[in-house]
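Presented below are the structures under discussion, each in the form of structure tokens.
Look for chain A in each of the two complexes below; its partner is chain B in the first and chain C in the second.
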Partner chain A sequence: MRTVPVRPGPAVPCGLPAAARPIVRLCLVALVLLAFAVPAGATTDDDQFAAAVDALALGSYNDRVAAIEALAALGDPRAVAVLEALMARDLYTRKDTGAVVIGAPADSRRQVRPVDPVTGTIGEPVRTRSLAKIRVNNRVRRAIRSALGALTLADPEPARRLDAAQAVFTARDPDQLVPVRRALEHEADPDVRAALVQAAAAIELAAGSPAERLAAIAVLAESSDPAVQALLSERLLDRDGAPVEPDDEVRAAAADALDRIEQRIAMWRLVGDVYRGVSLGSVLLLAAIGLAITFGVMGVINMAHGEMVMLGAYTTFVLQDAIRTHAPGLFDWSLLIAVPLAFAVAGLVGIAIERGVIRFLYGRPLETLLATWGLSLILQQAVRTVFGPTNREVGTPDWMQGAFETAAGITLTYNRLVIIVFALAVFAVLLAVIRKSAFGLEMRAVTQNRRMASAMGIRTGWVDALTFGLGSGIAGIAGVALSQIDNVSPNLGQSYIVDSFMVVVFGGVGNLWGTLAGALSLGVANKLLEPTVGPVLGKILVLVAIILFIQKRPRGLFALKGRAVEA
Partner chain B sequence: MSARVRTAAAAGVVGLAALVSGAALAQDAPPIKVGILHSLSGTMAISETTLKDVMLMLIDRQNAAGGVLGRPLEAVVVDPASNWPLFAEKARELIEQDEVAVVFGCWTSVSRKSVLPVFEELNGLLFYPVQYEGEESSRNVFYTGAAPNQQAIPAVEYLMSEDGGAAERWVLLGTDYVYPRTTNKILRAFLNANGITDADIFENYTPFGHSDWQTIVGQVKAFASAGKRTAVVSTINGDANVPFYKELANQGISAEDIPVVAFSVGEEELAGLDTAPLVGHLAAWNYFMSVDTEDNADFIDAWLDFIGDDARVTNDPMEAHYIGFNMWVQAVSQAGTTDVDAVRQAMYGQRARNLTGGVAVMNTNHHLSKPVLIGEIQDDGQFETVWSTDGVVVGDAWSDYIPESAKLTADWTYPWVCGNCEAPRFPVTAE
Partner chain C sequence: MAGHASRAQTAPIDLGGALLLIAVLGAAVAVPYCNLVLPPSSPWHVEGWVVQLLGKYLCFALLAVSVDLIWGYCGILSLGHGAFFALGGYAMGMHLMREIGDRGVYGHSELPDFMVFLNWSELPWYWTGFDLFWLAALMVLAVPGLLAFVFGWLAFRSRVTGVYLSIMTQAMTYALMLAFFRNDMGFGGNNGLTDFKDLLGYDLQADATRAGLFAASALALVFGYLACRRLVTSTFGQVLIAIRDAESRTRFLGYRVEHYKLVAFVVSAMLAGVAGALYVPQVGIINPGEFSPANSIEIVVWVAVGGRGTLYGAAVGAVLVNYAKTYFTGAMPDVWLFFLGGLFVAVTVLLPRGLTGLFRGVRGPSAFGRGAAGG
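Our next item is the complex of A and B:
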């Protein structure tokens, strides 16, 4: 509850002789109360501040925006906590007294500790139902952010100063030019400095003299931020196409700066598109690389390949669930732990499928296709029965969240970066296993000449099972990665099966390098086409291109040569 | 059989299978069969299984309250497996073989279009609970979800208003099928009528289950950097929403800069997501789980008890089934029979309480009058209402913003008796 300063007035008869004892006692009580009620240094500022805080709770969103601006205009540092609480929806009005309080977390979820916004005193926990939350929407949040911007330019935390500088840039309020200049004087952090310089230039561009505007354009021309591009193009022409800038020289400079910025942005866009292509390629590579073993090396048309991916994703989900309940500290490592586990689960299921179904069907591709397709339906429905039809949430560890912001507004998200690195690592390990290990040697021997291998004492049936298990296990690993970017649902695998076959056939059956090249080129081609023709047509064009390519080179990009092909 | 035994059985714990309580009543009269036509496998299972469950709960509760016309209700559940032609087959099976009195079902527009000829041929009765693109009014279907003027248009109006951020540039993102394309056609006409040129509208379609949103989110960012306030209208359907919102969050697009309003994202879709980075993005529906009314609290309690999992949520199509089912029960009681023609007549003007307060009315164009709510996503996966209509909005089968539809009227009472006519079928001649 807020305290209301009361000044002792002449109505309190404290100067009476000692005879009037009860009155004296009353006076003492009043004085004690006053001592508590009026904190040291209480001035009319408190009243003003309290009134400004109270205004936050009243009226429509419109009034709330005005109240926020008024509160920020007081420049009181206490406003930061109030506005941040409002932003986080932690600002309440008490239903009993109507006072505005900040809700601090209490022991129970149904209670909060009310904090007085003026004095900062923390009250006894109260039930949340006795409080009414002050509502905010996007517009109010925007006003809060801009108000906080002006208030937090001097925050000790560089990240918050950066936010503040960006908020000032967006708001372009001429009143903030002086605080920005003052902040620039002792700003040491280079990022924040750059943002402040840009913010100052943005304000001057709108409100400065011609010379200041020219200087501002010179500063802004170095940026490759689309927001700056928008700012300059707004300065050149208004919405009806009429020029805004009255000064010819400034207009020419702005047009010139705009050209340079646009060129830089176009270049960055291309970089961004290629990066996204590589990212899509890495996802395709992960999904297809297991198939490159089972289909490419063994020649089994495995329609249940996608379900191995799905099993890997569900393994991740189950593991995370267990970690959340039993060892929450390990959560950041959950994906790494999931990799071997998913490999084992999918690999074992793969071996079971090979031993149970596929080995009876070698050399009969049509039956294999039908049988594995049936298996894929069984696996899907089994998962649906066990885990339910709804999506399962696989959490993202902190180190995979967020993004790396390049110039020109191109964002490289960490989860995609991690997946690119992971896909290449899986590829390298698989290549090493096939090339260098004894199992890889046996595997190649069996696929190249089964009878000769058998005559040399290799248990070909066992090698078949292990090879199929390896391919399936790799698919399971892919599931761990895909759980980060796609839905973990029983249908997860279906969306990748066609793409996987496309990659393997395009890259060249039986060649891992072909799979790598196929995945990356399909990914990049898709993403270069997408901005111009859209995702649907882009996919169709790529598919048509592949069909034509296969007509010309039926064995794909990297065809196997030699006798092995004819065998 | 004594009345006491019957009451005891009927009042049996909620959560008892419909068959069990049904069996107790069945000794008196044959049950009324209610068909449930929702996919329990395939892509749409994620959304439709919940609706099957809510129907079972409603039927249970009705049986516990004594059934309808003194007869118990019996649920007949079939699985059309997200396979559109199979929807038509299963619908025929329900009406011809099982002889159900009514069918509650379908989710996607394409499944509804697939069963439509069957219901019209066999004179069946379908309650369709999902928001859709309009441009339809069948004599055999009651549309309990929102028409575009009960969802899309109010949402866009909100974003155009000062409170909603006064958007001047629009991105229309959708999944590539009939509902998003028709809705966006209506929205484009509406935006043009409000002075927004085509240069300020960016439309983009993606396939079902699209998972790589990097390019499109990048394009939206670039489109939004033209200096005008930009808003995104999403008719992205189903699974594709999760990776879409994840990408939005990862690329740091906050709702304060570019708000996204969605017409197919409800509490159920948010359940698989960390919503903290999505706070402030919007959805327009006729119902939110967070709405604070006694009816809604009771409904949520009953649902959580029935499903036995406190983490489950309720959503708008569930409320649509709730209203539709209650109206059907009332109409059957009023007509005294389950005969489709009689029930249809009894449906007109039928009133049932909304879970959000107020009363829904069934109009003669087979669409409901319902309130429209706009909510912002909160960090707990719920929506908080930031705007709502003062009263109810009458569902409009034919959009006023498409010239060829604006002329059409849907009214199944005399003298119109037609779902898509320019003039009444039985013109009243002036004396």
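Our next item is the complex of A and C:
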């Protein structure tokens, strides 16, 4: 064992108002004990544990330190509550029976509720006079802290062990070095191991010899955690700019390690930005892909496209509402059920719009634009009348919740990932429908030469209606996805309409691959600009860039060639 | 080409235009008279707020005429004309802010309230000179004109036409809206410019000033209409109509199509700027909401409702739709969007020549050729 400088810590954790503290503490003690009461039998014998607890009350301070170490060595989670109580001077021996109890606060200041450390049962309040407080000194406190660290580091739950290791890293308490080393000996979980190694290095950096500090820096340099970055830069310079580290060699190593960590963090930030960009791009792709069909294939400017997205989102809302009341068990499946339903609702509304209004306006794109804008106003107001103007809550199934934590503290949420995959799947299915199915063939025939297609026996009017329905239905599907990341309100569609037109125009009309490329590049460009210039200016820059780009290539990235262009 | 055009297309003024001019000039005299001279007890007395409202309608009418000039006669559907209107309005608003002087809430002699609030120490360079009315008036024309010139020059030169152009103009106004919402642009951010006190020394709250602004709006509409009418009845206007109906053919005949379009676009943007400049002192505020794409599309609907390609129809449509908006948003706010939406659909499907088209008759002086419908 190595000797380490003694640093007295605060004996009693505080922070709550004094009046609230007793109640909170009572609850905490009870909770901790109850939580451990069940698995406890599995880890140690009750009698053995009770004997170890009773040993705390006997003998001198030296004996007490030995008893604490023995108790910690049992590895019983129930020991945590006991040791915390001892630290807070809440551990007593009953004068009548000699049993060790935890004193939980009672209503009166002169009474405490005795809690049995083994079973966790709370007894009737007793007078404090009938109890003897178990005394502690600084040496005992240090032993308690070390034992507590070891106990949490030995918790059967890896997540708790990870928390404990991270707590040690932040506290950098030299007393914890030994428990950390001991925990490292039999730690199997790789994440916890890494955290423990880092914690040990952090302690050595603060309190070790120059050689140990050098070794610690070598360990820390492998990290890409912003906390490590902060730790190293603190070590280099304090707040007034004076160097903290006395040893030149160590200082140079720390500066070098800091550079490497910063580079790695910058790389992870970039990964995070690109992920967010691809995620935004996939949202744009979903919103624009239906537009690419109605606008790109049919030449119809559907300003009500955003409202189809909104209808899809509201379909999800209504469906979830019905599931909650009639079949709560299906809730995890609600989004999957909503996809075909939203497709049907938006698709049928789209077919109705095509048959009712748009077919009278073929060949007059600007009039179509105005009429569909009018329809979008009507749809918005209709939804506002039925569902009210406020945002509606659409739930997220459990399997979409959560996030990855990457190294540099960047979180990548699952729902975004699901949307990226979903958008690509929709894109692939649509491409297959247009390329491989009979309907796709008819659709392309009508697009390329309407009269010839008609002469070949294709019902062009019907194909028009179905194509418009397909485009609208896909917008409805987009609505299901958007309901997960955006507010479901009557204005939902409005916020996407300009962006989706930009995507289609940028990518090139009449080309689905262009839409894919356009959506992803606009999404990534937006998110890469965001950290440097801010979200609003970034968006403005992207818009201006598109306006300028269109001057150079008036037909977009992937332009159609041939006669169809002039039509 | 001029030989084939009907008389209504070349005459200095047509019947509808004459009626419009008589009505507007009559109102320019009658409304201030009824407001200022007649006592409040008179049944013909016009309240101050009505004068203000009518003045607003006239500004919208001028804006609609400017849109009709390029859409009805040149086939350029601009979905961003609200941007030119708002820029003219901001130029005037900046002058009015400087006019406030030290009467603002913070009492700073140089800086408008919002700059004091943001802890700015001096005026940004682009606010220089806006305390001079003549310079502000020049900017009302120059800023929208310059933007239209740059945008149009780029777009027309590379032959961005039809729907693409419409979407680009929409993107333009959207980008400007986002930009003006930013506080560090120096235009008051979200709240825009407001709390105006007076214009050229006249109190903006006084009835006489309001009546004067109303008359000024009426005159601006008359001059704007006459200028556009002059433009479209000239040889230049005949080429514009040719471009609208068959752009490629006109180009092959040797006309520099992009130059014609550019001139029409810039003139139209300047008129829109004037309309905005007259609008701001009457409503007392200008904010970035004026740049919203929805606003610009609404302008196009005024023109479509009135009947495009007539100029006077645009003015009539603007007044009618805005009257309907005032009525509905007051009486039945929930119905307004249904009505406006229905109007869009009904006019485009059933009345492609607008309301004034009903009176022009089937063989009347239609401005629409076969290809015109495609815009």
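Annotations for the structure displayed:
Everything below uses one rule, namely that the second predicted complex is superposed on the first by the 414 of 567 C-alpha atoms of A that agree within 3 Å, B and C clash if a C-alpha of one lies under 4 Å from a C-alpha of the other, contacts with A are read in each partner's own complex, and residues count from 1 in each chain.
Going forward, a residue touches a chain if its C-beta (ideal position, glycine included) is under 8 Å from a C-beta of that chain, and two chains touch if they have at least 3 such contacts.
Every value quoted in this text rests on a predicted model; they were computed, and no experiment measured them.
When the two structures are aligned on the shared chain, A:Pro389 is found in touch with chain B, with no touch to chain C. In the superposition on chain A, contact of A:Gln381 is made with both chain B and chain C. In the superposition on chain A, no contact is made by A:Arg451 with either chain B or chain C. In the superposed model, A:Arg324 lies in contact with neither chain B nor chain C.
Counting the residues of chain A touched by each of chain B and chain C gives the higher count for B. Touch criterion met: A:Val536 reaches chain B and chain C at once. By the touch criterion defined above, A:Arg110 lies against neither chain B nor chain C after alignment on the C-alpha atoms of chain A.
Residue overlap on chain A between the chain B contacts of one complex and the chain C contacts of the other covers 380-381, 384, 536, 539. Interface residues of chain B facing chain A in the complex, by the touch rule stated above, are 40-43, 45-46, 49-50, 162-165, 176, 204-207, 209-212, 214-216, 218-219, 221-222, 225-228, 239, 242-243, 246-247, 250-252, 255-256, 259, 268, 271-274, 280, 376, 378, 384, 386.
Residue ranges of chain A in contact with chain C, taken from their complex: 301, 303, 357, 360-361, 363-371, 373-378, 380-382, 384-385, 494, 498, 501-502, 505, 536-537, 539-540, 543-544, 546-548, 550-552, 554, 566. For chain A in complex with chain B, the touching residues are 60-62, 89, 135, 137-139, 141-142, 145, 226-227, 229-231, 233-234, 239, 269, 272-273, 276, 279-280, 283, 380-381, 384, 388-393, 395-396, 401-403, 405, 409-411, 413-416, 485-491, 495, 527, 530-531, 534-536, 539.
The touching residues of chain C, when paired with chain A in their complex, are 77, 151, 154-155, 157-160, 162-164, 166-168, 170-172, 174-175, 178-179, 181-182, 248, 293-294, 297, 300-301, 304, 334, 337-338, 340-345, 347-349, 352, 373-375.
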